[in-house]
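Shared between the two complexes below is chain A, which has chain B as its partner in the first and chain C in the second.
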Partner chain A sequence: MSTPYAKLPAWADYGLIPLINLFVAFVVAGFVVLLVGENPFRAAVILVEGAFGKGTGIAFTLFYATTFIFTGLSVAVAAHCGLFNIGTEGQAYIAGLGIAIVCLSFDSTLPWWLTFPLAIVAAALVGALWALIPAYLQAKRGSHIVITTIMFNFIAASIMVYLLVGPLKPAASQAPQTRNFLAGAELPKLNWIIELFGAKIRSAPLNISFLLALAMAFLVWLLIWRTKLGYEMRTYGHSPKAARYAGISETRIIITAMMISGALAGMMALNPVMGDQHNVAIDFVSGAGFVGIAVALMGRLHPVGIVLAAILFGMLYQGGAELAFEMPAISRDMIVIIQGLVILFAGALEHMFRPYIQALFASLSPRSVGMEAVKGKGA
Partner chain B sequence: MDVFNAVVQTLDSTIRLSVPLLLACLAGLYSERAGIFDIGLEGKMLVGAFAGAAAASVFHSAFLGLGMAILISVAFAMIHGFASITHRGNQIVSGVAINFIAAGSTIILGQAWFQQGGRTPALQPGERFEAITLPGADAIHDVPILGPIYAELLSGHSILVYLAFAMVPFTWWVLFRTRFGLRLRAVGENPAAVDTAGISVAWLRYRALICTGILTGIAGAYLSMVQNGGFVKDMTAGKGYIALAALIFAKWKPVNAMFACLLFGFLDALSIRLQGSPLPIIGKVPVQFMQALPYILTVILLAGFIGKAIPPRAGGVPYVKER
Partner chain C sequence: MAQAAIELIGINKSFGAVRANRDINLEIVRGTIHGIVGENGAGKSTLMSILYGFYQADSGEVRVGGQPASIKTPNDAIALGIGMVHQHFMLVDNFSVLENIILGAESDALLKKSIVKARSELERLEREYGLEVDPDAIIEELPVGLQQRVEILKALYRGAEILILDEPTGVLTPAEADHLFRILRQLKEQGKTVVLITHKLREIMAITDTVSVMRQGTMVATRETKKTTVEELAELMVGRRVLLRVEKGEADAGGVKLAVKNLTVKDTRGVTMVDDISFDIRAGEIVGIAGVAGNGQSELLEAISGIRRAVSGSVMLDGKPIDLTGAADPGELRDRGLAHVPEDRHHVGLVLAFEENENSILGYHDDPRYLKGPFLNIEAIRNDAKDKIAKYDIRPADCRLKTANFSGGNQQKIVLAREMEQDPGVLIVGQPTRGVDVGAIEFIHKRLIAMRDQGKAVLVVSVELDEIRSLSDRILVMFAGRIVGERGPEATEGELGLLMAGVEHQEAAE
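Now for the complex of A and B:
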């Protein structure tokens, strides 16, 4: 085959193939459930019911989805520029520091609608700055961004542990976290939206940062497909040589893309910190940055896909909690396996089923696959 | 004399702590020299640790445990190969996936099989690798200076420790003195040339990944069957990533890898020993700083401030045969 990935109709490319990959990932996960000695179908039912069965479940699902929209967008923006930002985790973690400074300074004097914008700026700024150094090193000194961002995850974790067991911890407390924020740094809940539809909600942390996440998804779409900068980023991601030839500054585009990515990662921290826990605690990101990789791959780097994939993962997190309750043999770590399988099948093995689907389409109607594939078959 | 004893003890724990790093680092050396990036060292070590401890406690044999650790770890390496060699998937993505699958499945299966919160049962004597006393260690234990160095520093480790250090010259010999090693390095630099010579790029890279799997399996077995008497969830705790850092620090060379791992092991040992007590001259250093130092050093190295780390040229690029 001279053209290994001939054109499929868009719905197959963006709908069918991701769904097949997802399906295979879930089948394999089902085998793990079977291995543990539980019924995978019953597990799936509990999972979906836990996530969408009650109003509270839906609110929790959307709360988790908020976090994953931010991290998914962060990974996607960098990926459009051909950069693998594995440091979303660390950028979100260190952004907790920016939020802590804003909230601890202003929560007693300002109302939430003034603290929130300040915290957004602080979180985005700190996240962006944490991404700046690896970006600069990649652009100027050629050090591989994957390795440097991994290293920066660990460095961020060390800094945060140091601060949270030391300077940021109230003297009287034993727990490694900041003091609880006052009302001035608590984000309003959005549960009333779900209650409009008649569902009852006991208490769920879904908050206004969900709307911020949706706004960011729209802005990212605007940036990537409707601005010059986005075009340059995609050009560089496609072919650095072509970008250089077109006069796009390599340094500028790498640093800009990574800083936007870092800023989005940083904003993720708003959701758990100001919307739920009302303090900054050790390891509050707890892997959400890595989930972002799965979400971005699953969503095929498009904001709409990312929002849908984030809701899917939110469902897994919320439903997984119910599942752990109903089936003691399955803890929440089941989600980690599913996450890994989704990354494997939707990411690393994304082209595994493509040739078969192309063959299928070609046999059904040769025209829909296009001339290239027909020529390719002859070679 | 107290100072001397403290130094010997610190160096002794340096050796113990650097062994898993060294094995994982050499494992990464094989795959990266063959042009396959491997972020999944961490995950392969973890499944190795789990499989080793689980098999050892079920079959009551340390060596069966080691065998199972290697087998499962190689199987995970083959998944990496299937995705990144056969299907030309992104190697980083595949590695990340392996780390997640490893982290989740070890906990789920551990809980389902042993019901101890993701742990495996504590290993009994005979199910783990015991310390080996080198000949004459007891006899010269009381000799000043030399005695403690021989009896405590060099003697009294498990067989896997000696194996790990023996792997350093062995790896050097394989890579730089055998035909297989020459081809392996060539496939990491210029796979097209290897292909032109009529040698299968894919099969060569698969073999490199088998070497990687074997070594990460041993590294995992060391963690759960020597350092610890059983598997504990997430027991690799980032060691795979430190090994990756050490590999870059060593500029992809086996002997350098040993020194890099000893250095990172020493930093770890020192931070455990000091636990916040003040150092001479510098004063009190936060534990977290010591823990972050390997990563900071690697970033500085990568930035090109201490020599230049040049990775194998074809690293991370799937090989597409000329059509």
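Now for the complex of A and C:
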């Protein structure tokens, strides 16, 4: 009775409302495009075609999506335990160090299918350890995880800069990055899958870590809804008091959840580092950790939603790049504005249209015909 | 014919598919005290919220003083002379009485003028209605009884002719409740109209002139209080006969199951909440702890169940000590046969966002019955939940439904089913029937007695004196963190009321 939101059918809740939010975001973005003197419809066409029109576009979209699936899952796992991990960015960045060590050590001796598992473990481990410190401080000292993880982003960035201009840089090089990896640390591309459907791909970085991301999405679902640990995390996330009552150790659950979150963030680094650039360069994460927050929120913290939201953001990245290329009046910053609008309407204003949709459904539902008739009389 | 202060004609209100009010007709006569009773979720609060402008009715008409009224916001209600005293006070804790009273009714940008005006007006009101409160006292330093008086003064200051009180006695001692009733009678004599919403039938009988009964969103009956009985009202509320007093045989108490000795507990601010308490509970008896809320009962329960650290003292479970100073793990205590139904089922006993079946293993999720290695055994959990739903008549019988969508009584049954079905040696229960409807109260009381008859040691903490008296074999009264008396179940309400107010305790101390 006191619930402000009556129930909607699941398809409306998870399908219709996000679509409406997205639509509104694009309408508003259209006005922005109009403002800079371009045709918003043409811009929309370029954006969508850029992302999905050609094989290359699709491959790029999925490449970006891979990154966002990892960071989105990372944010979601922590969020299920009631923790806001803003440190995904830093955890992913520092995980590049773990990957660098593995790849630089083994790329000349091992084949990729041996280097890859080692790199996965190294990336996950370094990411998890980087999350461990803020988690420990939260659990034992009550230092707020949002503050500490933000701080750890800066620390990670500083360490990586130091390493990439110093110890990890080849002596003769001018660029702040490691030497390029050899074939033993290059991940196989997945472009052939898209080519199976008849599309042509010039060159695109979509690689096998996309499959790893999908596997992780499944494992996260399993963890959250099917394991005892996930049950404990959700209990703590919804009500720390209930968790205390149930005998769940606060320290253990915070640290475990954050380390899993950090491990997922760390795995994100595999995609650009081993799948695309084949070296660890400065700022290779470039904000993907923060996009992960939006992806997780938009995906309602559910792995399926996260995969879909990650593909949407992949589309915005890829299509946005095409748009900036095709329409010179639309700069990179415009793309960021459009992405911001999507986050605003799909994330922050998620419930804006809900009451109207509910009223609509209520008036269509047979059970409240009486109410409708009464309304008719009043009018 | 007496003039109607308020008339409600054909009021309908739905929330989604839930019809909270259906076709309600009600006439409240000026200068009377009109009671509205009904179980939780019967639609009482919704109806009053419509009257006070929190909600809009989907259809129907409200008339105030014979004139059709459109009440869109609480301000409209206030302008029409309707005042409301909420169950949870709407006061600013660190403001003075006077500041709270003028809040929202300031007449100027600067406060001075309003305060001077309010002070003289307040003096008049206090004289007229016997509502003495120090205008300069800070709210958080006042006892709840006085805070409630401030709420009433707030309404009167705004010129209320019709006063709605929502469950006003929930937080009061019997003596404070009596005082409130005196005030309400005085208001009535001065020609004010009082609407009293409650689920306590005794209060209805004691003070109202007319009583209306609501059930499942409809107004099922309106009676003259003189011409009805508690039994009739209870039957109207529930729709069937109910047992108001639990029937139980003599206790057959065995050996000591739980021994509490010199227990002292402090709250998070470092204030001593439980002060050197000792008592025993034997197998096969129910020990009730009576007391006004906030006298250390909650902290006592939390310490015994391992949720809160104790400062000193010991608790022996089956003759073996519980490590209280090192924050005993509630999970370990469960393994040792101590089950706990917490006072706050919304935040502690249940996770409202969970499905019913997920809550039916909360705290027992380590039990191998519910697990397959690290995975939850979903099938076993759901089957187990279905068994409990059938056994405890939890409605709706859907173990996949979100717990927040169950009524208070059914939520409490979910917790009770979980804790009782583990067959614990000791069961400690906080506020067994808070926010639970009459029908479920009967069920819960019967279950607790059945536990006792199986030889379990049961500790019940409740602010409902009736409940304590009808369930307990021994009654301990807590006041200011201490046990100030032990009585048998035959103790009178007056006697316990005095103990709860700390009267005897203070006399003894002097």
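Going forward, the second predicted complex is superposed on the first by the 363 of 379 C-alpha atoms of A that agree within 3 Å, B and C clash if a C-alpha of one lies under 4 Å from a C-alpha of the other, contacts with A are read in each partner's own complex, and residues count from 1 in each chain.
Assume contacts are C-beta pairs under 8 Å (C-beta built on N, C-alpha and C of every residue); 3 or more make two chains touch, one makes a residue touch a chain.
Because the structure is predicted, anything quoted here is derived from the model rather than measured.
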Touching partner for A:329 - first (chain B), second (chain C), both, neither: first
First, second, both or neither for A:242, with chain B first and chain C second: second
First (chain B), second (chain C), both or neither touched by A:219: neither
Contacts of A:234 with chain B and chain C, given as first, second, both or neither: second
In the superposition, chain B vs chain C on chain A residues touched: B
Overlap of the chain B and chain C footprints on chain A, listed as residue numbers: 1
Chain B residues touching chain A - in the complex, by the definition given at the top: 37, 39, 79, 82-84, 87-94, 96-105, 107-109, 111-112, 118, 238, 241, 244-245, 248, 286, 288-289, 291-292, 295-296, 298-299, 302-304, 309, 311, 323
Chain C residues touching chain A - in the complex, by the definition given at the top: 12, 14-18, 20, 41, 43, 45-46, 58-59, 305-307, 329-332, 334, 340, 342, 344, 347-354, 358, 362-363, 365-366, 371, 374-376, 378, 404
Chain B-touching residues of chain A, taken from the complex the two chains share: 1-2, 32, 35-37, 84, 86, 133, 137, 141-144, 146-148, 150-152, 154-155, 158-159, 161-162, 166, 290, 293, 297, 329-331, 333-341, 343-344, 347-352, 379
Residues of chain A defined as touching chain C within the complex: 1, 3, 6-7, 222, 226-229, 231-232, 234-235, 238-239, 241-242, 244-249, 358, 362, 365, 367-368, 370-371, 374-375, 377-378
